[in-house]
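Chain IDs A, B, C, D, E and F follow the sequence of writing; residue 1 opens each chain.
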Amino acid sequence: MPKIAIVQAGTVLYDKAATLEKVRKYVEEAAENGAELVLFPEAFIGGYPKWNNFGITMGTRTPEGRQEFKRYFNNAIEEHSEESEFLENLAAKNNIHVVIGVVERQASTLYCSVFFYSPQGYLGKHRKLLPTALERCVWGQGDGSTMPVFNTSVGNIGTAICWENYMPLYRMTLYNKEIQIYLAPTVDDRDVWLSTMRTIALEGRCFVISACQYLKSSAYPDDHALRKEYGNDTVLIRGGSCAVDPLGTVLIEPDFTQETVRYTEFDLSDITLGKMDLDVVGHYSRPDVFQLTVNEEALSTIVKK
Amino acid sequence: MPKIAIVQAGTVLYDKAATLEKVRKYVEEAAENGAELVLFPEAFIGGYPKWNNFGITMGTRTPEGRQEFKRYFNNAIEEHSEESEFLENLAAKNNIHVVIGVVERQASTLYCSVFFYSPQGYLGKHRKLLPTALERCVWGQGDGSTMPVFNTSVGNIGTAICWENYMPLYRMTLYNKEIQIYLAPTVDDRDVWLSTMRTIALEGRCFVISACQYLKSSAYPDDHALRKEYGNDTVLIRGGSCAVDPLGTVLIEPDFTQETVRYTEFDLSDITLGKMDLDVVGHYSRPDVFQLTVNEEALSTIVKK
Amino acid sequence: MPKIAIVQAGTVLYDKAATLEKVRKYVEEAAENGAELVLFPEAFIGGYPKWNNFGITMGTRTPEGRQEFKRYFNNAIEEHSEESEFLENLAAKNNIHVVIGVVERQASTLYCSVFFYSPQGYLGKHRKLLPTALERCVWGQGDGSTMPVFNTSVGNIGTAICWENYMPLYRMTLYNKEIQIYLAPTVDDRDVWLSTMRTIALEGRCFVISACQYLKSSAYPDDHALRKEYGNDTVLIRGGSCAVDPLGTVLIEPDFTQETVRYTEFDLSDITLGKMDLDVVGHYSRPDVFQLTVNEEALSTIVKK
Amino acid sequence: MPKIAIVQAGTVLYDKAATLEKVRKYVEEAAENGAELVLFPEAFIGGYPKWNNFGITMGTRTPEGRQEFKRYFNNAIEEHSEESEFLENLAAKNNIHVVIGVVERQASTLYCSVFFYSPQGYLGKHRKLLPTALERCVWGQGDGSTMPVFNTSVGNIGTAICWENYMPLYRMTLYNKEIQIYLAPTVDDRDVWLSTMRTIALEGRCFVISACQYLKSSAYPDDHALRKEYGNDTVLIRGGSCAVDPLGTVLIEPDFTQETVRYTEFDLSDITLGKMDLDVVGHYSRPDVFQLTVNEEALSTIVKK
Amino acid sequence: MPKIAIVQAGTVLYDKAATLEKVRKYVEEAAENGAELVLFPEAFIGGYPKWNNFGITMGTRTPEGRQEFKRYFNNAIEEHSEESEFLENLAAKNNIHVVIGVVERQASTLYCSVFFYSPQGYLGKHRKLLPTALERCVWGQGDGSTMPVFNTSVGNIGTAICWENYMPLYRMTLYNKEIQIYLAPTVDDRDVWLSTMRTIALEGRCFVISACQYLKSSAYPDDHALRKEYGNDTVLIRGGSCAVDPLGTVLIEPDFTQETVRYTEFDLSDITLGKMDLDVVGHYSRPDVFQLTVNEEALSTIVKK
Amino acid sequence: MPKIAIVQAGTVLYDKAATLEKVRKYVEEAAENGAELVLFPEAFIGGYPKWNNFGITMGTRTPEGRQEFKRYFNNAIEEHSEESEFLENLAAKNNIHVVIGVVERQASTLYCSVFFYSPQGYLGKHRKLLPTALERCVWGQGDGSTMPVFNTSVGNIGTAICWENYMPLYRMTLYNKEIQIYLAPTVDDRDVWLSTMRTIALEGRCFVISACQYLKSSAYPDDHALRKEYGNDTVLIRGGSCAVDPLGTVLIEPDFTQETVRYTEFDLSDITLGKMDLDVVGHYSRPDVFQLTVNEEALSTIVKK
């Protein structure tokens, strides 16, 4: 009966230290409440600067937009870094799994990633395969080498970030790795998100947990143009975190009103109840008609011989 | 601006003639109301004998169950048959497209199929690829040779029957054929069906139209055991037909109370509004990571050399 | 001694018919002046809606932005279409090669492409491999199957669009196909563009011809927000078309002041003068140290078996 | 904010001692002016005997040319040598990085190399991969084992010598090693060199620093035929050293008139401004289409088992 | 008892037609005299412009030199070309093997090659692996894919061009392919050449046949600077063609005075006389101590996936 | 300017003491004449019993032949022995390098070796890798552990014995060790030997010194059958010692008439004159095509674990 905490909160934009402090606070709170795994939303570290446009229009990037990007870049973290060690220690100290959306920096490109930590240490990461819309101007694309499903004491866990949840072939890949707890960190706060989560739970016969940011305009620094334009209290991302069981039953209904931590607890063996009549990577597949080839090699422009 | 009629009704079980008469009635009604296409539910001709078990338990089939199957078999239709001509004429006479779920008989096997007719004649069919649960004891499996998307004056139309809607790779195949109006005849009357339809509309950026049977126990013949057990007014399938646009907006909300015909009308070019930021067979795909091979050959156990 | 015409002009935005008429006018003018090939800028058909943002900020696309995208989508052309035939006829009638930037539509995704026509007919196309910044939200990515160099009566011609010119591995691919006349349609009107063109000419030992749009705010329709904001005479793209020979000598200096057609004529055999001491795909390469593998297969998410 | 000194000066040809003295003078001057790194031109030690032909025509080498080569050979230095220690001490004593073009002797072959020294000691070297034109008769080819990018307190530094700057695959290799300060010692004094440096800065989003020799005919010994022919004041190499930032802005304009030391100072974090919209080894690459294999093994005709 | 003709003659420089005519004359003469194979010197087609420097000194290539190179480039031939067909027909018509040095053009790089023709057609080629001295500025390097030994009716034939004869590892490769008639087209007219040919015959236990050009300054066109400088009668290459048997006996002594065709006839089975006590790829080898790895792959900077 | 003495003399067969005395005499003579190194022929100590067959025919060894072998065996010397000390002292006392061919005995096998002594002591040895013809019946094979090139005050010295000079891969190994003075003790007195020595000098760009025995039938003991058959004055080995410089110039012409000591003196730095255009282990190699792996391990049938 794993107990999961879902953090519905927002980044302190462009303030990595304050954001990490917030992470610490929520991890400790989740642990105190008996959670074995705590899920943070997409891009929690690094931030999702909603309504920002980085000075980008067709054919131009303004100097101010470039400066904004640099500020954003400097608040991203690397896979092997002081910040990652901080998270690793946090997971160990609180004896909890931490799964958290981060803006990851490798060399000069940013990625929208999720880092996984168990109490025993760093497990690995997933990089978003396809950023959506303007995200394509700030984040690069992940490849097939970071599509893990980890077998942990909590269950088999993996992740699809935001609109990756609309990529049928990526979902199939996760189902095929026997995912049990499907973690969906996001910033998508539409009403319809819950429908999507239920459908994935039904289709994949897994538990689906989604953590969405709750972000107000006060998250931007005082001196930021959007802060000035929208004041402190405009809701930029309204939350909507939720959880669904393998038969589509909603375990946690969305709350669109506040920063909050939600908890859910369930029995993994209930997955079997659902797989009885639908198993899209087992008896409910047609390998004679459909065959999906997945390339899990790292794609690198330059390789050493 | 195609106008679509959705028939939410039930078969007259084991009475092909009466069922065809019912088809005629609804096609004419739809045409009179200006519809260019009318969609019937899954297995409308031939029927979906809900709660029947055909005398099948683990290890046994009773003689009575075999007789029941024979009765069911005799109410199925062939692709090239009198009944099919009847439907063809109906479509021509009423200048309407007819898409209808049928129990199809080929040699000695039954299939759960959908037949397509335009005012110009018979277009072709789709056979359900994977029957669900006990259906596997009465229907065979279709293969990759009947997965059409037809380019008609109404738009590009194709179909996924009932839980085929939970087959991600089949859906990808339809999206790839540039389906615009995704037709989902079904007998699934759960609450959660709407969530699934919305998710498919969002994922595929297409219009999704689902027609579900509304079937009462009175549909069984007077002499049938289930009629005797449940009387006339037990609701076996409660409907729930619906329609959704490519951004997930519900165009027709489910009605779980009655036999009815529902109408919807929309602008196909709105698909572009949705494809702008999600096109899972175009800019929102990763062919370098995922490649789906689809076998559209007819599978036949015995072939001439 | 091929004579090349370089059209420095702008699209009539969201008015395909008027744009095609403009194409006709310039093709005829170029032919009358004895040109054997006429090069149009990037996205000439379909247009480059400079300073437009399609209502896209981090995390949102506005309904108005989606409508704008639909309008843009409808002004794109397909590879095999009426508009393409129009261009084919134009090339034939005027006995000239036409190389033109177009916004290409395939199914529901747009691409930034270049179409090639000889007097004998359509030759083929190149699709931009990597859109830049906001372009990534409106155009998909081409793949290795459209990287042609055509052997024509004018010489061996190929193209790199806008910032593809900063992709060293793509340039290597073109050099390896023995490109002689390197066509660089663009909307990049920075001062530094000429430096880049000279460097490519020097590096590839080829003639480099770049055509840039000259676009004023009057190109937007009367009712367009940007037209209202900027009036008729704001210069959105200021031109800067140029031509360089294989030793880096500038044949045509940029003109940043007007719509214009520029002409250049040169002797292809002068390429040898440059290859004498630099041939990066021949004697000036180190295949024992560097080996570039190029995948020219079409990448398709779904393939028929 | 690293401060870089660029030495634009010439070798005292065939006089190693006098040349080393000149190196000492410039290193001290650079250090006094606060530079953290000083870059010398190509072949500064050993020399670039411009306009010399070593008695080589097609099919012949004259005895006099061989004697000239021997003189040249004797003025080359080895990697581990007294001269190298001299440079090491110079760097340490003046607390400065020294990057210097040398003619390197290994066994009986000469190489055009660059040696790197930090205040802490010798870092390593790069050997020119492909000599140009007549250089091929006096210098051998380096291999993939000497293509370093060093992470120093000044930044990540590496080098491409003279026309190696026209080798796209070598440049890609340096970019991939996260070069920040791209050092381009050269003897190329053409006008067009600046265009090339700007393009590399733009393409690689790095700071590009080029040091060119300024060499007059008086650099040849009194008894040398070219000294006699050209007198003391003929300019053999006219300089043109320059520096460019990652957005292509020229930080130091070429001076073609004199021996001089130029200084530039910049903020490495500005690289991010440029990488935002172009990162050819990150988000602006297509590893699914282009893959470059780099062999960094030392190539040796004879290896011990 | 194969009979071999050795053509000691010179190219008509920069006059491909006249050179081919000369080839025709000598092939016919050789055939009339009963030869089964005729060997021409290095670079016979395309020419060896002795004492030319193509305007190359350290650091410069003059415009005149580039023009000269272009002239030279235009007189080279391609592998599959009209000129090659001419040679093929000549071999067929005269029922003779033709082995001839050519300057080969592929794309924009020249190579010093030898083309082999039997009476049955074109056999293949060898490209010089390492040009010498100034040749490195006009010819590229061949690779391991063109190191053939052909089994013909005359015997097993292969070739090493000019100073390739000083490459022990290439010679080993030819010996290992069971070369019987080692063909050494050259322009090396030193006295010591005969010593080298004898040593190779002794070492490889094969028949060695060397054809050297005999070239006078009149071979340059009237308008050429070297023609003007040296008049008509300066001997640029003085010949010295020779033949040696496997025990080092000189079969044809060099003639340094004229254009001439020399003939030799021998018994291939005499090779066994020599292999008895020396077989460097057989009993006289030490594979436990020395192992030579030969890479016969074509080296290509760019390869299709 | 090393001065080398070449001893052209013969062993006193089967009389070790007399032979050592002869060695002493020639070493002193050489030292008096200012030589810094004295080279003796192959097998000088131990002897080369020319025309002897040791009673060996196919399938038989006679008892007399066995006795002859025993006599020969007893006149061989060991590496660490009284005789070797004698030589060591001789070198020290006369302040000269001694390089001498010996028949070396280890356990029960004989080897054809060369021992090297400097004035400072014993340097090491080389064992012939492959005896020729009947030598294979009296001498074993050396291995890769004795292929030294010694860096001495005279220069870098190494050796190839007799027909080892026809082993291209062994020569490559010596060149690779930067041999400067290539010592070739031999008993090969054919005319063609000089050609071979010249070719090696040219190929390796080194000074080649060859010392051949001058041996008359009187060298056999009075009681020996061959002495009886040929008398005292039949010339068994006629000399032919020689020296060549790196450009192939003969420094000492062979003398085929007498026992003699020849002297040569040269400038090692002239090697650079030759390496300028040929360096088969440097710029004139193709490690991408040919790679020679050399096993310098001692080969021993029985080894301790």
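Just so we're on the same page, a residue touches a chain if its C-beta (ideal position, glycine included) is under 8 Å from a C-beta of that chain, and two chains touch if they have at least 3 such contacts.
Everything numeric here is computed off the predicted structure, so don't read it as measured data.
Asker: Counting one step per pair of touching chains, how few steps separate chain A from chain E?
Answerer: Minimum number of steps from chain A to chain E: 2.
Asker: By the touch criterion stated at the start, how many steps lie between chain D and chain E on the shortest route?
Answerer: Counted as steps through touching chains, the separation is 1.
Asker: Using mean Cα positions as chain centres, tell me which chain lies farthest from chain B.
Answerer: F
Asker: Of the chain pairs C-D and D-F, which one is connected by the greater count of C-beta contacts?
Answerer: Between C-D and D-F, the larger count of C-beta pairs in contact belongs to C-D.
Asker: Nearest 5 degrees is plenty: how much rotation brings the CA atoms of chain B onto those of chain F?
Answerer: To bring chain B onto chain F, one rotates by 180 degrees.
Asker: So which of E-F, A-C or A-B matches D-E, with over half of the contact pairs the same residue numbers?
Answerer: The D-E interface is reproduced by A-C.
Asker: I'd like to verify one number: the distance from the centre of chain C to the centre of chain E, where each centre is the average of its C-alpha atoms, in whole angstrom.
Answerer: Distance between chain centres: 47 Å.
Asker: Can you check how far apart chain A and chain C are, centre to centre, with Cα atoms defining each centre and the answer in Å?
Answerer: 39
Asker: Chain D: which residues touch two or more other chains?
Answerer: 54, 61, 133, 137-138, 141, 143-144, 169, 172-173, 277, 280, 285-288, 290-295, 299, 301, 305
Asker: Of all residues in chain F, which touch chain E in the complex?
Answerer: 129-130, 132-133, 141, 143-144, 163, 166-173, 190, 192, 194-196, 198-200, 202-203, 248, 277-278, 280, 284-286, 288-295, 299
Asker: Which stretch or stretches of chain D touch chain E in the complex?
Answerer: Within the complex, chain D contacts chain E at residues 48-54, 56-61, 133-138, 169, 187, 236-237, 291, 301, 305.
Asker: Which positions of chain D touch chain F when the two form their complex?
Answerer: For chain D paired with chain F, touching residues are 54, 61, 63, 65-67, 69-70, 73-74, 106-110, 137-141, 143, 299-305.
Asker: In their complex, what parts of chain D are in touch with chain A?
Answerer: For chain D paired with chain A, touching residues are 144, 172-173, 176, 178, 205, 269-277, 279-283, 285-288, 290-297.
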